[in-house]
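Some notes on the structure that comes next.
As written, the chains take the letters A, B, C and D, and residue 1 is the first residue of each chain.
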Amino acid sequence: MKPDLDTILELSEMARQIRRDLMKMLLISKSGHSGGPLGLADVFTSLYFHILKIDPKRPAMPERDYFFLSAGHLCPVWYATLARRGYIPIDELKTLRKINGRLQGHPAPAYTHGVPGVEIASGALGQGLSIAVGCAIGLRLDKKPNRVFCLMGDGELDEGQIWEAAMTAAHHRVDNLIGIVDRNYCQIDNRTDKVMELEPLPEKWASFGWHVLECDGNDIGQFISTVEQAKALRAKPTVIIAKTFMGKGVSFMEDNYKWHGNPPNEEQAKQALSELAPTKYGDFVEFEWEKAPVEAGVRS
Amino acid sequence: MTKLHSRELKATRLGFGEMLVELGKENPDVVVVGGDVTGSVRTDLFAKEFPDRFISVGVAEQDMMCTAAGLAVAGKIPFASTYGEFATGRPFDQVRQSIAYSRVPVKICASHCGITVGPDGATHQSLEDIATMTTLPHMTVATPCDYLETRKMIRATLTWNHPIYIRFFRDNTPVFTDESTPMIFGKANTLIQGNDVTVIACGLQVWEAILAEEELSKDGISVRLVNMHTIKPIDRDAIVKAAKETGAIVTAEDHQRHGGLGGAVAEVLAETLPTPMEFVAVNDTFGESGGGAELMKKYGIAKDDIVRAVRKVLRRKK
Amino acid sequence: MKPDLDTILELSEMARQIRRDLMKMLLISKSGHSGGPLGLADVFTSLYFHILKIDPKRPAMPERDYFFLSAGHLCPVWYATLARRGYIPIDELKTLRKINGRLQGHPAPAYTHGVPGVEIASGALGQGLSIAVGCAIGLRLDKKPNRVFCLMGDGELDEGQIWEAAMTAAHHRVDNLIGIVDRNYCQIDNRTDKVMELEPLPEKWASFGWHVLECDGNDIGQFISTVEQAKALRAKPTVIIAKTFMGKGVSFMEDNYKWHGNPPNEEQAKQALSELAPTKYGDFVEFEWEKAPVEAGVRS
Amino acid sequence: MTKLHSRELKATRLGFGEMLVELGKENPDVVVVGGDVTGSVRTDLFAKEFPDRFISVGVAEQDMMCTAAGLAVAGKIPFASTYGEFATGRPFDQVRQSIAYSRVPVKICASHCGITVGPDGATHQSLEDIATMTTLPHMTVATPCDYLETRKMIRATLTWNHPIYIRFFRDNTPVFTDESTPMIFGKANTLIQGNDVTVIACGLQVWEAILAEEELSKDGISVRLVNMHTIKPIDRDAIVKAAKETGAIVTAEDHQRHGGLGGAVAEVLAETLPTPMEFVAVNDTFGESGGGAELMKKYGIAKDDIVRAVRKVLRRKK
């Protein structure tokens, strides 16, 4: 059930635009995470432009799929996606991490001081899966068909609360829930096997009572078809271990944990944008240095 | 004042458990998250009546608080209940982020609070929970003085659309309020009028204060008694009025001295009307195993301690 | 490397004495846990009378093995064992959970208000394994040969912190540590599979990077030889899943979760003691009703 | 008073990281437990120098605190370090039971405290940690005012055989104390003498208070400035003396209003010498993303707020 090539190409272009947006947002904010968000552009594009049942005009639509970002620091890619999908003005991306803005450094819901599409705050790692499980149980109690998605970082799996939630989900046979692990093998201090070995990761999830699927999280077609597969599984919750590259799309950031938490400086942003070809969607801002160089003599 | 005698002994936690069943019958969205202490906190009653709406998360308090928050996101009315320390300390960051900061109206209901939980000893004696929960923005913090007030509080949470922490107790204790005693969050109850000094108490210390007033009144000391059932938002007006009219304040609580009811009152008075105060509270020490009543005495939060504190503050009063 | 029969018989008698002690302690205290402690009498006897390198006269002996009771509520069996082993006066068992005493409802170390042999407080579940891992790493840093043991409840494994510690131990290849899980399939509210399913439990530990051994925790010979086996394992920490029966030795308590947290009343204690034959060690207290009935006519 | 100018900008967290390396060289038992924020809290310096004595536990703060406690049981001298909320809130119950109650002298050292951590926003702005840690018996709670004081504090922990929590900050901030400024836990430093009013500040608000004093002195207001670097045990004598001699108190801190430095001072005064106070603190609200300096202003804990509070309390002073 891989989507057709046109769809994939269309989504890829959007993912590239989101990557461009990320570089610009982070250059403006001078603070925030580059690596994880770049790595997840394909996953977010797939979710928000293809998989999730949502309506940007009615973020609280009762029939919506619920999406929880447990690893809140990844929010720049969420904001860019929400903007591109119409939840918030594209122009607002300029306000990332700025005072009096809504694009908090870690996401907050609209009914506090955050943005529509965010159901609850995150940032302190490890809490999202429990929330997703609670939400999924609540929906099931009401016999609602909505699905719940929860995205976690791999480093985040060091938090014991994730495993508490994993047990709870399996115990209650929560099968309207799909967990996604951003398996980029990187966290802040180093690669995950240096900071805290997670392998054998599929076995961990399986022994905690989950269906386990693996896929390339930077391959939109594969990711989408894996989610389709997950939707068909019953009786247990399902986790998709989505292998991504931190910093995907920007050569000097790729697979490098040192880009976990830093924004590019101007030079780096230029380099990054030169590697991410412009798209039909257009950027949300044009910097001075992007303006076409005025050719000599044309000046009137 | 004739009302303030003990009609019977009944546990506050039972008031919680029973009211939960009533609310469960009235509103199908009420759900309860349990953490393997169901019989103790009396959510067993709800679990028996509504097994599908009782969600066991095992011994996992972090998961408990966030599961409750998730249930609220899905439109449910979740009560999360365990012992005091495990409802507030163990999942502090979860309560902070997923409930308080997110403004998700989870009702955190903790039993076995205070030193009176007794023989289980210090690890189970939640003496810091008022401090930790009141420091969180958006949280309401309340503690009932008897079984009946507990019932009223639990019912009131249903329409209180804020994160809330309610702190109650294990032991069977005197029931001395009645159906007509008001319980409005944030509005202190003056149980006894008086002019010389005000005792501001909460939880089980309200009863101790009633006993203290009885004794002091024999010496002609006119004690005002305020039941400060809601510690956050605290009733500033009642505090300032008491300070103005009686000129001396004693606070009484089953909690650490720092950051609890006494601390909250001291903060209000310091910026409005500095007034001599004495604190009846656990004096910056962990508890130990023992009987509830004997621990109250040993750790200085019983009737006699209130009497002593009143006499002391009166000597300091100008 | 099963101990010889004489040793086993000797230890069994001590375990029975400890069970008798438990019933009497709990009858006096009128508060405390019967089920778990009874189930663990064989494990504690094996540890303190055969396995652990300890000296009751020098509880802080530098060469000692370190024992941590993560599930602090099980302490009555620890106290009885410590008393029988000479750490504390046998008579002190009368003071369980009493004010001004040292036998706290949940264990505290001697340098606070608790008893010798207790290294650190427990009671809030889930913390002990992390402590044991820290201790084991500390010992290894000093190149000390001491071993570290940590006993956990099975219900306690619901706590995510246990899995944090499990990961940390495996990551650091802590192989001077032996974890013991009291697998009695019971916790407070119900049987473990009703409150929170733990199976497949061996697979959980294995996937978290541990050697896993299983044994009958009520069979002293088997338990001791399993620990011997564990000691020989290298490169990873080892967990022993010791299957026990809650309430072991007292028919009406056996395998019944309702006995997790209650003491026997007088009648129940009488029944229990009648099922646990007196031993050569003698009880720490004789109740009025135990005194030999005065035969008619003998009274002078 | 000439000393109190800013000689350079340097981060308190750097003082921590550098001193850890010094201590590590002096004492082979010093070990550090890290939770995947090593570069931020500057334990990277120690980790580089002593890789074997740096123990990574991953992103697992509960495990971190208990691992540190276990290291102490084995005779090591453990420092556990992460961001403020994750060092105090996330593992509150672990700090309570395995460190405070057990009296295990783990040194909990947190960076990125307060609202000044800035752009990360509310989830990362630890504004409740003074309240939660001071309510715990046996804990020492201290917060340095600059890079140099941090160095002294960290060194002093080595012989301070109690559980201790030290709270420091992300930003580069003025260094204005010097090598000779004393730092003794529990002993407040009076940085400026004065008679009209006392500002009791801690952490980064000490510098804000220095700026405030400069401004107020121009109006002839004689401000005493006390650096209350240790909030627990608090220097009661310094507080009472200040109240007696100046008759009005302003407290200033990068923390919630309830249960922090202000609360501790209010509690002392209420039972000794009731005195008008004003609280410069975050007013029971979560923070948001923004620059450290602009957030200090927006949330009312900057120089101007101290100036305003001083003027207000002087009007209230009898």
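Points worth noting:
Just so we're on the same page, a residue touches a chain if its C-beta (ideal position, glycine included) is under 8 Å from a C-beta of that chain, and two chains touch if they have at least 3 such contacts.
A quick note: this is a predicted structure, and the numbers were derived from the prediction, not measured.
Ranked by separation of Cα centres from chain D, the top chain is C. Centre-to-centre separation between chain B and chain D, using Cα means, comes to 30 Å. The geometric centre of chain B is 36 Å away from that of chain C, both derived from CA atoms.
With each centre defined as the average position of its C-alpha atoms, the distance from chain A to chain B rounds to 42 Å.
In chain A, 108, 121-124, 126, 158-161, 164, 167-168, 171, 196 are the positions where the chain touches two or more neighbouring chains simultaneously.
In chain B, the positions touching at least two other chains are 56-58, 60, 62-63, 85-86, 90, 93, 96-97, 101, 122-123.
Because contacts link each chain to all the remaining chains, their graph is best described as complete. Those residues of chain C that touch chain A in the shared complex are 158-164, 167-168, 170-171, 196-198, 200, 203-204, 206-209. On the chain B side of its complex with chain C, the touching residues are 34, 36-40, 44, 56-60, 62-63, 85-86, 90, 118-124, 288-291, 294-295, 298.
Looking at the complex, you find that chain C touches chain D at residues 66, 108-109, 111-112, 119-124, 126-128, 130-139, 141-142, 160-161, 164-165, 167-168, 171-172. Residue ranges of chain B in contact with chain D, taken from their complex: 85-86, 89-90, 92-93, 96-97, 100-101, 122-123, 128, 131-132, 134-138, 232, 249, 256-260, 262-267, 269-271, 274-279, 284-286.
Listed in rising order, the residues of chain A touching chain D in the complex are 29, 31-32, 72, 97-101, 103-106, 108, 113, 121-126, 155-156, 158-160, 187-189, 194-196.
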